[in-house]
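So that you can tell them apart, the chains are marked A, B and C in the order they are listed, and the count of residues begins at 1 in each.
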Amino acid sequence: MQQANGTQQRNGRSKYNPTPYEAAVLGFRNYWYPVFTSGEVNEKARAMTLLGDDLFFVRRQGKVYALINECAHRGTRFTHPLGIYYFKGTPTITCGYHGWTYDVTNGMCVAVPTEGPTSQVPGKVRLRTYPVEERAGIIWVWIGEQTPVPVEEDIPKALLLDNAVVKVRNVIFNGNWRWHAENVNGGHDFIVHNLAGRNWFKTLRAYQDPEINTPEELEDWDGKGVASRTRDAGKSYSLWDIPGLGRWPQRPLWHRLLVNWWIRTTRRYGGAGISRGMLSLPGYFRVPGHPNNGNLYYEWYVPVDEEHYIYFQVTSWFPTNIFGRVGHWLKYYLHGKPLGVVRFNNQDAAMVAETTAYVKRHGPGAEHYFSKLTQNDRFHELWREYCNEHARGVGYAHARTKDAEARPAAVGAADS
Amino acid sequence: MQQANGTQQRNGRSKYNPTPYEAAVLGFRNYWYPVFTSGEVNEKARAMTLLGDDLFFVRRQGKVYALINECAHRGTRFTHPLGIYYFKGTPTITCGYHGWTYDVTNGMCVAVPTEGPTSQVPGKVRLRTYPVEERAGIIWVWIGEQTPVPVEEDIPKALLLDNAVVKVRNVIFNGNWRWHAENVNGGHDFIVHNLAGRNWFKTLRAYQDPEINTPEELEDWDGKGVASRTRDAGKSYSLWDIPGLGRWPQRPLWHRLLVNWWIRTTRRYGGAGISRGMLSLPGYFRVPGHPNNGNLYYEWYVPVDEEHYIYFQVTSWFPTNIFGRVGHWLKYYLHGKPLGVVRFNNQDAAMVAETTAYVKRHGPGAEHYFSKLTQNDRFHELWREYCNEHARGVGYAHARTKDAEARPAAVGAADS
Amino acid sequence: MQQANGTQQRNGRSKYNPTPYEAAVLGFRNYWYPVFTSGEVNEKARAMTLLGDDLFFVRRQGKVYALINECAHRGTRFTHPLGIYYFKGTPTITCGYHGWTYDVTNGMCVAVPTEGPTSQVPGKVRLRTYPVEERAGIIWVWIGEQTPVPVEEDIPKALLLDNAVVKVRNVIFNGNWRWHAENVNGGHDFIVHNLAGRNWFKTLRAYQDPEINTPEELEDWDGKGVASRTRDAGKSYSLWDIPGLGRWPQRPLWHRLLVNWWIRTTRRYGGAGISRGMLSLPGYFRVPGHPNNGNLYYEWYVPVDEEHYIYFQVTSWFPTNIFGRVGHWLKYYLHGKPLGVVRFNNQDAAMVAETTAYVKRHGPGAEHYFSKLTQNDRFHELWREYCNEHARGVGYAHARTKDAEARPAAVGAADS
């Protein structure tokens, strides 16, 4: 239905009849999203808003559960400092206000201690629950109304390999998730990331040749998505003398010499990695191709609300022996994380905040103007079409109100 | 009229046709509200927003007056740092901008010094005034459009006794006044106040027995209200083994032994005090019954705006000799105030903020879901019905705009 | 057209059919406004919102340019920390995101380095530019859609004299520009500025005699405006015993003696300066009359947004020899600036914030009530009528949205 709706709307661009992508301010529902690492959730309830829904996550008897973060009685958050795990040893959580106690496995209220055995609430009031799975040391939650697909469908297969080592950095950034998804489109390296440590040894292109760089829908063993294909990226590092302006890029001599030497000696075309970026639903970036001994990088843009998202970064490697294990560990903590995952990617996030502020100033529909502008944007133009055709569901701005209607109505009915 | 309106609407629960209680986001008008202690208002004008109206309070020749806190000329607040008591010895206040001077006893502008004797303003421009009375060391203001009732009608008689000693704590809390009024309903003690110092010697019930605890409309010598009646509270402290969960409440052994010993030796059923709570209009909590040598506790929830209220707490005792006077004084400052009035009651306020945040997230009507849920809520269910039938008036969200229309219109008329 | 509109509406006071002045919440467009001093703008782009438009100012090859502060590609601000002057020596600015490079002299995009020579953007995408002129060490920008008038038309001629020394203080204050313009109307000195150092030697009137103080439209060699005329201001310092209240003003004995002595000995009627205030479009205050050896004072109220304005203060003197030059320099930095320009005028700004808060509380139309109230207000009453008749244009609240429509549409058109 959402599908049909999407297809039908994909050409209508008015803000009164938005495409699924334009409507997905709060993201696409009916997907598995990574939220926390396994170590970040324990017996104390932890709050997180996802796609506009206010949830809490809690661990009971080793398993993680996610429920709506509002007691059905007075709306108290279970993550309030006064909230407690009262009946230790049971899969329950107790509201810090009147003690309403719920079974976290199905959301059912199992006791209202302050009303005693005659209370009519237990067995009748149920909190909304959200399916949760733990894979690769990451906690995945299903946000949506449809029946969940197997979680493996929404996880890159590489992360599920037996020898996969998975490192996570998850931060909440200010910005709408879509503008970070569209940021991965190449072309900003020499400015946003100019001379960022991570670029020192990369053979960046002065510009992308439209004849060579062609975005396309791609499917490999790891899943489907939209990729920007590049042939012979290694040769593509060049300088361009722009008439009337000057040389582009203006990198210092020492750096050009360093890079040229690096290319000749190592024959490693670092630039290739970036240029083969691939976007997949519900909004994550990855590098296609079967994992080799090298490491892989993934990043999810998990919508929190209209103006915030979890920037969920995953770096993974696949050691076959102890040396590979240690070598990658050193490479990650000495170079990859500080220079790349943190500094380099925070530069992108700064730009995402700019675009978000622009759309906020100009109101809904402003993002239309980003479309079809330039050849470099063909990448996320195709990405938008891809979402309009294949997205399972669309986020909605009234998630909370809908919850309010859904939840206590049942109770009222039972009473009248 | 408001009466009829209330009766007629009391069963209509849609947010488009709210009951008086649901509409009273800014409180019930046409009541006397406590605002300051006598010592808190002097010659320097002091600002306070009440039920959405912006007032200032000022003392002239020993008497306190309250007026709208906006000069009719340019809207300057009289409480602005530049505002002054210019003509000392007269019952006036002078705006800090152009010197418009008003008689605080009737709000009439008596001089515009900067325009001289020919000014047409004096005698024509009048500020809205609010009736003020001082009783029991408390400043009471009448917020409403109807003729004020005698202030004694809205003050618990006990506070007016000759030997009454009155102690006040008034703080502005974040929250809507109604959710604190409904908080007084029993049942949250073992959680919100679990092991709060004030509960150490109280025989709290494990749960309230619906056969015994029956809310009812009550009228005693002190006035009318809604009370929760309790028979034999002393016996009601119990433990309950909840099937599949465990014992409730889970209080440590040392504490159970302490309480049991206390009950046997003193035969004082402290729990009774709490269980006989009573709510009266326009929104205050008290303990019914003729004052004995013990102390009485009252608390008002005075609406400031939609999301703030003055938590006006009054502790009172009635000494018949110097020993009673000193004894209660020590008990109040060493135990009652620090452990009860401040720490204990701030725990309630924290829950009120939670409920307010919930209603704000879900919009008007969300509070419907609090109704008729459980047997413990029969208390504030009855309280809501009581308000719908007996409330004198309802607050309105446009108090400020109405003022604007009311005030300078007179002037414009006079000119044209 | 705006003219006609103004005339036709000048008596209609409903907020649904506002007069041009009432509609000019964001100021009057199609005027030259002072923004920065020459020293405040250099090679690094500097942001400023004016009349609701988001601009940046930048200096290239010695000349200052102003453009809309949003890249046409993704809305990134050129003033973002990552924004750069990439192609040094050329009159361009480069966006910090994808390197779109614009010619600041005409706003045209001249290169998208990251797309190479085949990019279709250069020569097709143009940023909105704003005419800029530098005069008297001040940077003036034309905000409007009509063809700019010669900048000299909107600058007081005195500031353009060869021997003019110009000192500027420009601060952004909280408040709507109109309430500061109307503040210059006399009558608040004895209160807002009571005993301000600047008033010590001034023969202020106890009140303004309506027979003497008559506002009028005035035109002198320096330009047109609305002035309050005063005959014989020197005699007008008086005391007034207000029946039933007391003496006005209540200045201490030492001060009355000081002032009387000062008048007798110096025969300088300092009060005259204040009373001959004059308001000109688009909203600045000045002192009429050909400059003598004394100094002149001007202040502009440059709208930033609905609730902020640049308080642009200019003090100027016209030395004919080195002694005059140094003497005025000392007088300004020892007395004029600290006591007057800063302390004295900040007192006015505090009142402007009060009026702005009042209008915000009561919503559009509240300012109507300021009209026709009193004889002193005839001054800004005439000022309002003057604006309704002579203003070149009116600000509009949707400046930003209009930009959004105007800008990228051209591009979309070119593509389809």
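In the analysis below, contacts are C-beta pairs under 8 Å (C-beta built on N, C-alpha and C of every residue); 3 or more make two chains touch, one makes a residue touch a chain.
What you see is a predicted model; the values in this text were computed from it and never measured.
Looking at chain A and chain B, the chains that touch each of them are C.
In this structure chain B contacts its sequence twin chain C using mostly different residue numbers, the overlap staying below half.
Mean C-alpha position of chain B lies 47 Å from that of chain C. Touching two or more other chains at once is no residue of chain B.
By the touch criterion given at the top, residues 54, 70, 72-77, 80-82, 84, 86-90, 92, 94-99, 101, 110-121, 125, 400-401, 403-404, 407-408, 411-412, 415 of chain C touch chain A in their complex. Residues 179, 186-188, 190-192, 206-210, 240, 242, 244-246, 248-250, 347, 350-351, 354-355, 357-359, 361-363, 366, 369-376 of chain B are the ones that touch chain A when the two sit in their complex.
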